[in-house]
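See the structures that follow.
Both complexes shown next keep subunit A, but they swap its partner, so subunit B is in the first and subunit C is in the second.
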Partner chain A sequence: MSLVSGPGRGGGSDSALPQELQLFVDKHVRYIQSLDKRKDELEYWLTEHLRLNGLYWGLTALHLLGHPDALPRNEVVDFVLSCLHDSGGFGAAPGHDAHMLYTVSAVQILATLDAFDDLEARVEGGRRKVAQFIANLQDAKSGTFAGDEWAECDTRFLYGALNALSLLGHMDLIDVDKAVDHVKTCANFDGGYGTGPGAESHAGQIFTCVGALSIAGRLDLVDRDKLGGWLSERQLKNGGLNGRPEKKEDVCYSWWVASSLAMIDRLHWIDQSKLTAFILSCQDPELGGLADRPGDMVDVFHTHFGIAGLSLLKFPGLAEIDPI
Partner chain B sequence: HGVSRVAGSQTRSDQAREKELQHITRYNELVELIAETQYTVEVLNLTTKLLTENPEYYTIWNHRRRVLQHLFPTQAESASLSSDSHQTTLDLITADLSLTTSLLRQYPKCYWLWNHRYWALQVGEARLQVAAARKLWQGELQLVTIMLGADSRNFHAWSYRRFVVGELERIPAQPDEAIHSKQSQSMTEAEFAYTTKMIKANLSNFSAWHNRSKLIPKLLDERDSDDAERRHMLDNEFALIHEAFLDPFDQSIWYYHQFLMGTLSSRNSRESAIILDLTDNDQKRYCEQEINFIKEILEDEEECKWVYEVLLQYSTSFPSLKGNESVITSDDLREWLSKLRGLDPLRNGRWTDIERTLDLQSKGLVSQ
Partner chain C sequence: MVKSRVMDDAYEELNAFFTTNERSVVEIAIIPSALQPEDTLTLQDGINLGVSKKILTQAFLKARQSFFATNHDPDLEDLCLESTRIILLFDPEHLTAANFRKRRIDKIKQAYSEENRKPIAVALQREVDFLDSILTSPLHRQTKSPTLWHHRSYIISHLRLHRDLADDFDFTGSVIQTELGCVFKASERHPKNYYAWRHARTMLTVIIHELRRENTDDEGNTWVYHLQRMLESATTYTEKWCLKNPSDTSGWSFLAFLLQHLRSLDWKYDLITKILSVALRWGWQYESVWAFFRMMLADPDILGDKAQVLLTVVQRSPCGEGSKKKMGSIDETDTETPCMKAIKWIDRYSAPTNT
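Now for the complex of A and B:
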């Protein structure tokens, strides 16, 4: 897209672009910065069980927007480490039980901030401990991963585990082949993947399974044309993407679907400029942030995935993102 | 997801703000109370209160399970098979099922709610008499049927349904019976009939079609179907879809057609197989038959992009169709591609790739 003037200027207030093609970088940065200051809103407390995820989404979005320092690094690291349990797992917030979902977010944040040394400094053998927590959640029989001791298994956790362990440099602690075998059992006739064997193809699960296969170096197992076809059909007339047939568009699928397509070299099978326009239309131009679709309430989850989608589509001014 | 932005909703009156702050204080006090105290019924009730307000607070669900584990009769008490201890366990489990049922009505897609149900049922099976446990699972089948009636695309419910069916197939119906054959308790026929019901109610039910695609191979194996019966099944399924061609704009039917055609491919796995003794001639016959059926749709409806897409897709993936000018001419292919580009410009990138493949194939440059 040649619409924006020069690098590092993704939008801002002085662009000559029509409003619907601008990315309101400053607004989004301020929106993300404001999130931790809303302690007088009930919603803040009702979402405490997502805090570490939210932090990851916000921080990553800021990095993509070119404002990596908008959240103070040391405070972020302190907060992340305050969620660490003796078991090596992280909870969503201090006092919340350890779980794969938040452990993965924690590792991703530490990796983004180059803070593994901070972890080691405070917890001896920290990296290994965290890696072991994750590895212990692999089911020896099926190869899949549980979220915690309560044993819910889902391909989301499998992907999270491989992602985090590859960042920690400890893939050696798990049985990668078995994990790959499990992903195979989740494959469907349409080329897609579900939450577990027998489950319907869903864009979110496709992202996790293809991502996992990608990390494990086994993309050869994917039927690229079939899956690419299924994924490309997620694009609706308004340019947005849905997650499965007959469902509504949602900006978060700009990431799940688009990065899946990118991983199998089929990103050109959708109309990228229409998708870009759709994502931009999900912005709240006054308050900042992005919503699931135009006119809805914004939140940091959709803000992150919308911006990640734009980065994947090479929207000017955004840092480049790796599809995995 | 799906919450509309209301203009000016960010400003609150001082009164509203004060109320919210009080709510926050009470909420946090509740959290602390739960964290501090013992595993008692009082705490259980506190968790009920908190979880009703925020069912996504997974740590509290964990704590609730720990409390319940303490409240369940001990191994010794259970071993004595006193009806009191059995009743206590049953009451506790039933209460949790009740709680999650009412919450599921409001939050039908909340992972944590479904998880707690899985846990409660598994604990029930471990601790209760077989008949009581089985009754609980049957209740679960009813629940999940209701939920799918409300939203037939809820994948949590479909996953849970498959799980429940698996459990009912496994837990003996007659408690004193020795290990019986899986055959006698299989629910595959019933589940297959269920998908038929759902599809007849609403053709666009991709989830039901998907489930059906997983059941058919299993069904054929369980019925010990011979080759003729297997062909009969495939023919019936194709016939179902042919009927549905009356509304060719429904994408679910095309995906299911893709499944059926997929079973004819030499790359199809045994566990997704319908016909086991497929010859090259069979494949040729089925392919030609289906192409002709699909081409017929064009006589009444020329603007449906799925028709062209599917025709092109099959042309490129079945050896018996490639270069088979009696069924599909190069002119056909060119015309379909051009129609597709016009009807579905969003996916132009894909159509270009398909065109390239076709060109290369016709030049003999690409191997099968």
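Now for the complex of A and C:
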């Protein structure tokens, strides 16, 4: 399974919006299915370092599009388990070092496919082992999480840990209160959150912090109006969302920003129909897939987050997504 | 077979370039295939290298084969290390290659002794040069790589501990200036470079933490004095950069971070006044600039009571009164300028100060 970009481009053959704002479901399904069959392409190797993430994005998008069986389940499970290390962590691909990011994707894939039993069948106590790998990455002093033994700490990893551990049913292995305390210290004066205390506010990091607080049941700690204000400033005239001031619109922020707003009950603070139109304009109507903005090359990352955004905005025909 | 010969040749040519120039910071650019030379695989001119994406990809394919064939064999460590240079040049997010380099540093560090600092000092300097080459070259994707910037933070955190110079504060000050220079250059290559600026914060946070730890019996707290002077230098240096790059929100955000760590109210007030006078004189309406000012004027920990003085200046300025003249990220259809929005925001969110 691979994350490969192109060959299609978002926005169709010219840059005007299509008359009918429709979602090209079948095209997207075929696009995702085709990704693994491009092993001869050079891009396949460029993305080896995040193969497992790519698989998660493709699989989730298929589920949202109502085609959960479009990728062969056993092959997917086999591949995921081939990335498992003795430590309980997963690497991006066989032979790659274990890291929180890939471990979280692995857990999410196994949860989606209801495959924890497959894990247990092949690795005794596998579920607990994976949970322990994640739990061991918590920093006892600060409550945050490292990505691996090299101690890069980032709220992305904290969110990933809470997400995966709640799926594995092992939140008991970590100090949730300390993690929550850490997220509190990441709140900036402008209402946003960053990778750590004092870091630049960034929509992606905001999603991780608000998501973590949501899983921990502590959304009471968020200044909803202040944060909602900052997030609503991300919408540009073309309806698209950016991640920080003066950045360009990018379809993946349809998820990070919109989901954050949904979690704090402020989704109505942006123009949802304009955002929907923007996301749809990022599709490649011929070859499938979505790009970061109209005219650019499509890839599975943006395909996944664009579709997730549409689901959040209750676009008809898509499986419903939980902001978390 | 022809294909694999290109892979081998491309790898050898790039590898030789790196090895020949391993004590320098090189500049690498991706050249369009139209400029592909006929007789060589790359364009080289001293420390400058031009390589097409096609050739780089071929070299990478060989590098990754070499890496996975050698990364578990301690006798082949040098060969493996060479392959990581090309892997990370092509794919800066290749965590496994970056971790290999860290593991090697760790091994050398363990052999470190008071009498023989040279091996670790040399190894660390080579890492810095290698990172400088990739992070400051005109390589759009590479200059913003979180994997490479974290690797840099890791290396720099060791650099101070293995210094070979007597004066701690001078050395630390020069590390800060050098690192900021690297961050500025990378941010010019890739604006709003989140992870470059994060490295700047990480570096300072580690330094502050270490200075505190190293000076526990400094009763006069002279280390605090030195630290504040270093932070003031860093702030002045950053301020100049921000004024030249007003739409870079990350630069302004880092400036705010520095101001949060400075203690002298008067010093901060003078600096912010100076920046404000530039912004108002030029009629700046950059969203990033006003995101900075609204924080500085609303957060009581920055300017205390003195914020009100500057707020009044803003309110009475043409910017504040709705003039849409001049520069910035203005949308003509917007009824409110970023400055006007900032004034409203400050009004809503300034906390009462303790008097």
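The definition used in the following text is that the second predicted complex is superposed on the first by the 304 of 324 C-alpha atoms of A that agree within 3 Å, B and C clash if a C-alpha of one lies under 4 Å from a C-alpha of the other, contacts with A are read in each partner's own complex, and residues count from 1 in each chain.
Criterion: contacts are C-beta pairs under 8 Å (C-beta built on N, C-alpha and C of every residue); 3 or more make two chains touch, one makes a residue touch a chain.
These numbers come from a predicted model, not from an experiment.
Novice: State whether subunit B and subunit C clash or fit side by side on subunit A once the two structures are superposed.
Specialist: Once subunit A is superposed (C-alpha atoms), there is a clash between subunit B and subunit C.
Novice: Pick one for A:His49: touches subunit B only (first), subunit C only (second), both, or neither.
Specialist: Both partners, subunit B and subunit C.
Novice: Answer with first, second, both or neither: which of subunit B and subunit C does A:Glu152 touch in the superposed model?
Specialist: both
Novice: Pick one for A:Ser281: touches subunit B only (first), subunit C only (second), both, or neither.
Specialist: Neither partner.
Novice: Using the touch definition from the top, say if A:Thr60 reaches subunit B (first), subunit C (second), both or neither.
Specialist: Neither partner.
Novice: Pick one for A:Gln108: touches subunit B only (first), subunit C only (second), both, or neither.
Specialist: Neither subunit B nor subunit C is touched by A:Gln108.
Novice: Which partner, subunit B or subunit C, touches the larger number of subunit A residues?
Specialist: Comparing subunit B with subunit C, the partner touching more subunit A residues is B.
Novice: With the two structures laid over each other on chain A, which partner does A:His268 touch: subunit B (first), subunit C (second), both, or neither?
Specialist: first
Novice: Go through the superposed model and pick first if A:Ser260 touches only subunit B, second if only subunit C, both, or neither.
Specialist: In the superposition, A:Ser260 contacts neither subunit B nor subunit C.
Novice: Tell me the contact category for A:Ala199 with respect to subunit B and subunit C: first, second, both or neither.
Specialist: A:Ala199 contacts both subunit B and subunit C.
Novice: Can you tell which stretch of subunit B collides with subunit C among 237-245, 327-335 or 345-353?
Specialist: Clashes with subunit C appear only in stretch 237-245.
Novice: Touching subunit B and also subunit C: which subunit A residues?
Specialist: Shared contact residues on subunit A (touching subunit B in one complex, subunit C in the other): 42, 45-46, 48-50, 91-92, 95-97, 99, 148, 150, 152, 189-190, 194-196, 198-202, 229, 233, 237, 244-247.
Novice: Under the touch definition given earlier, write down the residues of subunit A that touch subunit C in their complex.
Specialist: So the residues of subunit A touching subunit C come out as 42, 45-46, 48-50, 91-92, 95-97, 99, 148, 150-152, 189-190, 194-196, 198-202, 226, 229, 233, 237, 244-247.
Novice: List the residues on subunit A that touch subunit B in their complex, please.
Specialist: Residues of subunit A touching subunit B: 39-42, 45-46, 48-50, 91-92, 95-97, 99, 148, 150, 152, 154, 188-190, 194-196, 198-202, 228-229, 232-233, 235, 237, 239, 244-247, 250, 266, 268-271, 274, 284, 287, 291-292, 295-298.
Novice: In the complex of these two chains, what residues of subunit C are touching subunit A?
Specialist: Against subunit A, subunit C makes touches at 57, 60-61, 64, 68, 90-91, 93-96, 99, 102, 150, 153-154, 192, 194, 197-198, 201, 205, 247, 249-250, 253-254, 257, 260, 286-288, 291, 294-295, 298-299, 329, 331, 333, 345, 349.
Novice: Enumerate the contact residues on subunit B facing subunit A in the complex.
Specialist: Within the complex, subunit B contacts subunit A at residues 1-5, 10, 17, 20-21, 23-24, 27-28, 31, 35, 53-54, 56-59, 62, 65, 111, 115, 118-119, 153, 155, 158-159, 162, 204, 206-207, 210-211, 213-214, 251-252, 255, 258-259, 262, 272, 313, 345-350, 353.
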